[in-house]
Amino acid sequence: MLKALTALAYPRLCIETGRALGHKGAVTPGACVIELENVAYSYGDGALLTQVSLTLAPGSFHFLTGPSGAGKTTLLKLCYGALHPTTGNTLFFGEDVSRMSRDAVANLRRRVGVVHQDCSFLDHLSVADNIRLPLSVAGRQAEEAREDLAELMAWVGLTERAQALPPELSGGERQRAALARAVILSPDVLLADEPTGNVDWEMSQRLLRLLVELNRMGKTVLIATHDLSLIRAAKTQVQARVLRIVGGQVQQAGADL
Amino acid sequence: MLKALTALAYPRLCIETGRALGHKGAVTPGACVIELENVAYSYGDGALLTQVSLTLAPGSFHFLTGPSGAGKTTLLKLCYGALHPTTGNTLFFGEDVSRMSRDAVANLRRRVGVVHQDCSFLDHLSVADNIRLPLSVAGRQAEEAREDLAELMAWVGLTERAQALPPELSGGERQRAALARAVILSPDVLLADEPTGNVDWEMSQRLLRLLVELNRMGKTVLIATHDLSLIRAAKTQVQARVLRIVGGQVQQAGADL
Amino acid sequence: MTWREDLRYLVLGDGQADRIVPPSGFTARLTVFAAAAMAFLAVFALALALASNRLAHRWGAELAGSSTIRIVAPETQLGQQTEAALGILETTPGVAFARALTPDEQRSLLAPWFGRDVDLQALPVPQLIEVIEEEGFDPAGLRLRLAAEVPGAVLDDHGRWRGPLLASANRLRGLGWLSTVLLAASVAAMVSLAAQASLAANAQVIAVLRLVGATDRYIAQAFVRRFTLRALGGGVLGTLAGGVAVASLPAPPESVGFLEGLGFAGADWLLTLCIPLLCAVVAFAATKTAAHRALKRLA
Amino acid sequence: MTWREDLRYLVLGDGQADRIVPPSGFTARLTVFAAAAMAFLAVFALALALASNRLAHRWGAELAGSSTIRIVAPETQLGQQTEAALGILETTPGVAFARALTPDEQRSLLAPWFGRDVDLQALPVPQLIEVIEEEGFDPAGLRLRLAAEVPGAVLDDHGRWRGPLLASANRLRGLGWLSTVLLAASVAAMVSLAAQASLAANAQVIAVLRLVGATDRYIAQAFVRRFTLRALGGGVLGTLAGGVAVASLPAPPESVGFLEGLGFAGADWLLTLCIPLLCAVVAFAATKTAAHRALKRLA
């Protein structure tokens, strides 16, 4: 099955686009891709996260777990600069986000693929156009990636739904489309929030393999999930660190997971 | 733990409101709560569901599985009259939905609790007000159910978030709020679409216990899910039928599940 | 739902049901503003219409209400013919009042021609008789009688001026009403579009309410009430602003007859009260239609 | 972004970027309609302003451009004094043309008083001289010269009528411009609100674009272009409708001097072309502000 993945040539897309973006997208060896330094965050009332330090080294694979409402989504949003820490700093590829202009953050965000928990799309564009969207926002011709797009759509099982509008997708189809959109630009980091919450076991294994393959190509991956069986399955394929949010702190989970 | 559930007196709410609605809400003994007769459905192009017959007897407990995009959500929508079958009939408490006025459907829908896959709320009202919403729509004073509401909120773990607005909830909190809203009127039937897709294992067990308890009180329950471990856990507590959508047909799943 | 129930709900409201519609937002402000802007302009249009109405009436009254009889005769017969003409006028139906002008009055009328100190005795100046008309005045009949009995009399009933002047006043008045109607149509269209925009933006609200078993009526009522009150509020604001603006326009210079002041007088102010009510009625009808159409579409 | 880049993008567009804004919806229709309605009304207001402008000019020209000199003298001196007055007028700066009225003209002017067949010879009727003024006419100076050399001459420069009439025309003109300004302000406010409503309704679009790395400029541009084009389109439609409506108003009755026809003449039509452009400019500024504010808020 893993052979089939390589045979399906999906990695071609990643390598090619990775190379195409290479001049500006290369990670400085040794530098951390994303770093949270002593970050605290609160939505107003009580502190939700206190004293969180997190470093995502290039090529690392992380899982983030914790009970519902612990702050997984919040931590992910801090990681790509959608939220700004109450105290502490967020570093994006070595640069402090709070010192960057909004446009600079926008440009850097093209190197970060994000799958939101509630996957949202441009509801008036087709699924294929939505998955292609990061290409046009980055000013690249959609044409050049046409074959790669087709392969990617096939891999996440959306070929038949390519021309549908997002509101016509099923819950699982939305998640897969969101994942495809997150990886189309072959980003240096992939942050995914419950990317398999609405898909069946087989499909979740298929998506996991895509993430593992990206990781093997040197991409950094962080997945927030409460699905322990997914974590167990991943551990057989890749060296993954499992983080757990407890009481506003990030802990390394024990080997029992 | 099950003792705790009864001790927490959550069932009080259900019994009382069940009785309060009794004069118009009682299920005719023997009549099916919801019945699909030879239903086919298509969203325009190819047929999605063909020849589906389904009867939900009062007090039965069903799981609905099937791969992503098989039509689980579609089938649920047919069950509560949000979609009308291309061919075949839907019976709501013995009455043909296609022959009912929109107002009559709306009235009957108060006897059906629905948890949507993408839980949506009135974003300008607090979580508590949203959970209370079916009460006010049914023209009942929110006051009379105040204690019950508090107990229910505690059970789904939302007491602290009662005054938050829905967009401020985490993914799992939304699902729990949607479930609470679905059961507040103590409906005769509960249709839930992936109600545990975004919550951790412990919470999903807690929610399952709520559903099982409702079922023991004679309510009919249908849960669409792809989480096989949830189904396995339920089978230890209740006699559940597991249905599977394959190729547009509904099959009874084998005992291996 | 009957209009009685509508009205009762509209006035009394229903605390619980009202809350289901998001309280504000840009479509809300848009509705209020559109109603206010239109009401403001409508006040001006109404002022224009009313002013031209008054103008037309005054011209009608001033010109139609008076005629002049000129008696051209040798000096010896002048007094006698004047008496005869006055006698005829006394028995003519439709004549409220008639009198011969005094020499002083005649002199001042002729001053532009002959200067102030003209000696009227030395001139064969005709004698003028001022006639104030009333209902039923018949110039043609009077002319016939005068021709028979007072050969030197010429009746000038100002008809030459009356027609075109009245036509002009009517034109101006028509323009005012036309603007008022256009503005009302604009309010209707704009509030209707704003309501539709709001309903479309609140598709999720409607879906949630449907899900928990709300009837169409329950949903529509809340939207209709919200929009009607918004349009009413906007209409009141706009009318107030318009009223203040009209009242604070500089008064027209004295002695300019043909351009009446634009202000409202007395009962006219009551008419302006109709503007916000019109806004509300239009909003009510527009939102109700829009809501029921949207609910059918989203079913 | 500089205004040059803005403008280039505005005209040329960018197929990919354009598609990110949902193409239609009620806020879109609302924008088009608001622009159209305001443009329609603006055409009327402009017509009113232009008509009163013309009116003021005509009155100004007719009244200010002519004076009358009345020569009251014994019959024997009348001809000589008339000659003298004409002589003075010839050498007076600011007098374009002067001539004595013929007996026929005088007779028709006096007809209301004495009838058609008056014998002017038998009356001490003054001689009238019509004076057509031009730039630099100085009535006070002329009066002094006439008093010195032509004792029987009285200059009537129509000043009595001129002031109030001009004031009235100016009032009407001011009203027209005031309406135009009010309408422009309404367009601005309404398009701005519609843009904000659209941006609020498209909060999800903005969030998605942010997520995939779109810059503020990229997002704002698409919205600004969409709204500017909508307002321009609406403005064109409204102006066309307004133009047709104004052109099809019934012509004013002949001989009514004080209410000029409301139609546009010649170059006025060019002025109406400014209305849609004004809509577009206003929409551009309003949307750009709204977009950048919304983007900052949603950041």
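A, B, C and D label the chains in the order they appear, each numbered from 1.
Going forward, a contact is a pair of C-beta atoms (placed from the backbone, for glycine too) under 8 Å apart; a residue touches a chain by one contact, two chains touch by 3 or more.
Just so we're clear, the structure is a prediction, and the values are computed from it rather than from any experiment.
Between chain A and chain C, the least number of touch steps comes to 2.
By the document's definition of touch, chain A and chain D have no common neighbour. With chains reduced to the mean position of their C-alpha atoms, the one farthest from chain C is A. Between the Cα centres of chain C and chain D there is a gap of 24 Å.
Measuring from the averaged C-alpha position of chain A to that of chain B gives a distance of 32 Å. Remark: chain B and chain D have CA centroids separated by 68 Å (rounded to whole angstrom). Separation between the centroids of chain B and chain C, computed from CA atoms only, is 63 Å.
Residue numbers of chain B whose C-beta contacts span two or more other chains: none are found. In chain C, no residue reaches two or more other chains under the touch definition.
Chain contact topology: the protein chains form a single closed ring, every chain touching exactly two others. Interface note: chains touch in the pairs A-B, A-D, B-C, C-D.
Residues 25-27, 29-30, 33-34, 37, 40-41, 44, 70, 72, 110, 112-115, 122-126, 154, 156, 163-165, 167-168, 171-172, 175, 179, 182-183, 186, 189-190, 193-194, 196-197, 200-201, 250, 252-256, 258-259, 262 of chain D are the ones that touch chain C when the two sit in their complex. Those residues of chain A that touch chain B in the complex are listed here as 43, 65-69, 72-73, 117-118, 157, 161, 168, 170-173, 176, 193-194, 197-203, 226, 228-229.
The touching residues of chain D, counted against chain A in their complex, run 16-17, 19-20, 22-23, 204-205, 207-218, 299. Residue ranges on chain A touching chain D, taken from their complex, read 82, 102-103, 106-110, 114, 116, 120-125, 129, 133-134, 136-138, 142, 181.
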